[in-house]
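Look at the two complexes coming up: subunit A is in both, with subunit B in one and subunit C in the other.
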Partner chain A sequence: MRLYLAYFKIKFLNEIQYKVAALAGIATQFAWGFMYIMLFTTFINNSDTNAISSSQIVTYIWLQQAFYMLFAFWSVDKDIFDSISSGNLAYELTKPVNLYDIWFIKTLALKVGKTVLRALPIFLICMLPFLGEFTMTAPVSIMAAVWFVITMFFSTILILSYIMIIYILTITAISPLGVKITFSLMGDFFSGGLIPIPLMPDIVQTILKYTPFYYIQNIPYNIYNGYISGNLEIIKIVGIQVFWIVILIALGKLLMKNSMKKVVIQGG
Partner chain B sequence: MFKIYLTYLKIHIKSLMQYKMSFILTAIGQAFSSMFSLLAIYFLFEKFGDIQGYTFEDVLICFVISYLGFSISECFFRGFDNFSSIISNAEFDRILVRPIGIILQVLGTKIEFVKIGRAILAIVVFIALFYYCPYLLSVDKIITMFFMIIGTVVIFSSLHILKAGLTFFTIQSLELMNIFTDGGRDLAQYPLNIYKKWVLNFFTFVLPLSMVNYYPLLYVIEKSNNILYVFAPFTSLLFILPCYLVWKLGVKKYQSVGS
Partner chain C sequence: MIELKNITKTYRVRKRSAGMKNAFKTFFKKDYEVIKALDDISFEINEGEMVGYIGPNGAGKSTTIKIMAGILTPDSGQANISGLIPWKQRTKYVKDIGVVFGNRSGLWWDVPVDDSFELLKNIYKIPDDVYKQQKTKLVKLLDIGEIIKIPTRQLSLGQRMRCEIASAFLHKPKIVFLDEPTIGLDAVSKIAVREFIKKINKEDKTTIILTTHDTQDIEALTNRIILIGKGKILLDGKLSDLKKKFSKKYLTVEFNGDIDQLCDGLIFIEKYKGRIIIELNENILTLAKAIAFLTSKIEILDLEVDNTSVDDIVVKLYQEYGI
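Then we have the complex of A and B:
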């Protein structure tokens, strides 16, 4: 356990050094936030489809921008991909640690580090009242806030266990870049990265409920803004989140075991 | 000068052909990413119907032109987009001592044909549009759309040059400029007046994206008869000036960072 904490600390401290990059990131996040809000609210206000209210979507978008790095599928540890393609993986394998766990912790630390720098300023600014219709609201109830925190935790673990599978598939893939692009683009789109899931056609939403994508960023944000409510409903959702976490981690560990049997390190 | 550029082109194609498979797969990946953007538009229309009087087809014209223009510019102006690496590894010193134009050489450093993958999907949608919207098949409309694409290329290329020019002052790559390049591309997927008034104003008077994307579109989709809108994309040429000026100032100020 202490070992994993040490790995987390190193990666985390390394990540929060990039303050200027974070500042540029925040500016970008704001630009995209405003763009998406204007686009989606125009669609919502133009139609009598009562899917989700525009103030709920405003809150959703700002949460998404604040925690962007946590749930962006391309925000991964490049060092891990490099170690796979350069063969440095061999060193990792000589260490008496579980490779799956280490990669998991490193990626978690990287994502948390990137998010810590960005989330707070975005949160604070978006809550300011002078933004008018662009203002983010507080959680709809205390219970919603509690569930938000709980589901954020599970969503984070869930996306990490998905990203782990991407890492592992690239070890043996013929086109690592192709695997990376395909899996991260798919994840990004179907988890609501481009358009929030509540804005997708009903049939697509129904299908997505049977995939892990539905249970990543979609859940905490929509609990926060009140689109998903009811304790019983949420408990059920948390159950499904845990189910997918177990499945994806088991699958990841199995794939890891198989590819480690096959892995060939060239030269030295 | 043109001959030298052709040589550059040939070299890049040759090096590309060494890794054919990798090229094809990456290009497919690029096409994939634009497919999801297209799917997002489709989903929104499926759920909500027309937006402020614009139909799905109207928005597709916007999307296609914005994506096509952007990918062409990203393919050929990648050297400027990645200019920070040319400065930080002192490649620019070498460029300065050669007896041919600086801009030409920077253009030649990188030509990314994989970006065309993104354009392929746009072209397919374009052809489908002509099939489903036969009213687009008239000389004036085709000319207008041609101007729109060229204008979009001019604007995004100027932005890349501006970004490179600013790199002289900051040395580091300017991620902030992506707000205008990638952001502009994404905004222009829809007619610009669906956003707030200040967005349209900004993209008319500061960055004339509306001149290549929004006003001529109104003519193409028969929302306006103003023949001037056909020629609006020409104003994008004015945008070259300030960008070129910043670039020139940057070159003048350039101090080598060593290697």
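Then we have the complex of A and C:
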């Protein structure tokens, strides 16, 4: 455990060095946030849908912008890809550590590090009342706040176990780009990163419920804004989150074991 | 201690000729060539030994190191290092080894070296007091007291290399693999690194396996060398024996007078007016007798004696084995 903490610490400290990047990130997040809100509220106000209200969408978008780095599929540890393509992986293999666990912790630290710098300012500013219809609401109930925190945790673990598979698939590829782009685009779209899942056609929503993507950012944000409610319903969802986590981690570890047998580190 | 038996490793290398046409051909058919990187490698190394593992580029040195370090799985063959099989019991095995790859960096790029050390302490679960003691010792021996406060990315190659080497010894490993540790270093850093390796091998009885192209490294550090070429072990023996086998002395003489005939054991290499270079075969004639002979014939103004360098020995070995 101390080892994981140490890895977390070094990566986290490394990440919060980039303060200018975080500031730029916040600015970008605001720009995208306003744009998305204007786009989606226009849709909602001009249609007869009553699936989700425009104030729920506003809150959803701001939460998404605040925790963008946590749930963006492209926000991964570049160092890991580099170590794979350059062969520096060799060094990690000479350490008495489990590579899967270390990559997991490193990516977690990276994502948390990037998020803490961005989330808080966005949260504070978006709660200000002068934003009018653009204001983010507080959680709909205390219970919703509690479930929000719990599902945020499981969603984070879930996206990490998905990203782990991206890393591992690149071990045997020459360039990580193809695998990375395919898997992160798929993830971003199907997890509601571009269009919130509640605004997708019913049939797509039904299908997505059978994939892990439905249970990542879609869950905590929509609990927070009250779109998903009911303790029993949420407990069921948490159960499915845990199910997918177990499946993806088991798959990742299995793939890791297989590709380690085939690993070739050439030169030097 | 280290025992390798009949280790074989092949790589599959993709091959195609240059050009558009050939590039498109690979969509339908890919050509592979199987390269035998290691072909039936066996050797034993005892505890506390320092062994130089040499050979030309592409001979299989790094592959052997990587197999011994548990990174690669060989196609066939057995290994027993401290009672473990490196590639099968990797996490357990690597606790007691240290590895330095001269052409890669194992330190964290953006944080001070000391933070990397701290992480290693956690990785190897080194107790506080042992860590402190060993770090103090390494910092002193390698003279990196100030350097370890600087982020790795801002270090010069020589500084970084010394830190890399220190990082491989922090957990007091029993075996250390050094893959070209002096590559690209200047004379001062090279000597510092050599002194360090020598000292730690002597004091801590650390087994050290070293690959290098730097013949001075070999001369300064190792007694035993293993020569590998085209994936096979060609020679495994003492450096001093090799020296004896290949060693010849060369005399460069500047003189007044004339000399046309030499006695047995001396051969002209070059001959100018007033200056000759002679090869001396010490099995026939001793140096003292050779000088006495020359003095009797000519008036010597200046005399220089050269020994074959390890460089020459290595070149001769490569020639002899056709690699």
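By our rule, the second predicted complex is superposed on the first by the 266 of 268 C-alpha atoms of A that agree within 3 Å, B and C clash if a C-alpha of one lies under 4 Å from a C-alpha of the other, contacts with A are read in each partner's own complex, and residues count from 1 in each chain.
What we mean here is this: a residue touches a chain if its C-beta (ideal position, glycine included) is under 8 Å from a C-beta of that chain, and two chains touch if they have at least 3 such contacts.
All figures in this text were calculated on a predicted structure; none of them were measured in a lab.
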Subunit B versus subunit C as contact partner of A:I181, first or second or both or neither: first
Which of subunit B and subunit C A:T49 touches, first, second, both or neither: first
Contacts of A:M38 with subunit B and subunit C, given as first, second, both or neither: first
Contacts of A:W74 with subunit B and subunit C, given as first, second, both or neither: neither
Partner chain(s) touched by A:N98 [first = subunit B, second = subunit C, both, neither]: second
Partner chain(s) touched by A:Q17 [first = subunit B, second = subunit C, both, neither]: second
Subunit B and subunit C footprints on subunit A, overlapping residues: none
Residues of subunit A touching subunit C in the complex: 2-3, 5-7, 10, 13-14, 17, 79, 86-88, 90-91, 93-98, 261, 263-268
Touch list for subunit B against partner subunit A, complex: 21-22, 25-26, 28-29, 32-33, 36-37, 39-40, 43-44, 46-52, 175-176, 178-179, 183, 186-187, 190, 194-196, 199
Touching residues on subunit A, where the partner in the complex is subunit B: 21, 24-25, 27-28, 31-32, 35, 38-39, 42-44, 46-47, 49, 51, 175, 177-178, 181-182, 185, 188-189, 194-195, 199-201, 204
Subunit C - residues contacting subunit A, complex: 11, 62, 66, 69-73, 90-92, 94-95, 97, 99, 101-106, 108-111, 115-116, 118-119, 122-125, 179-180
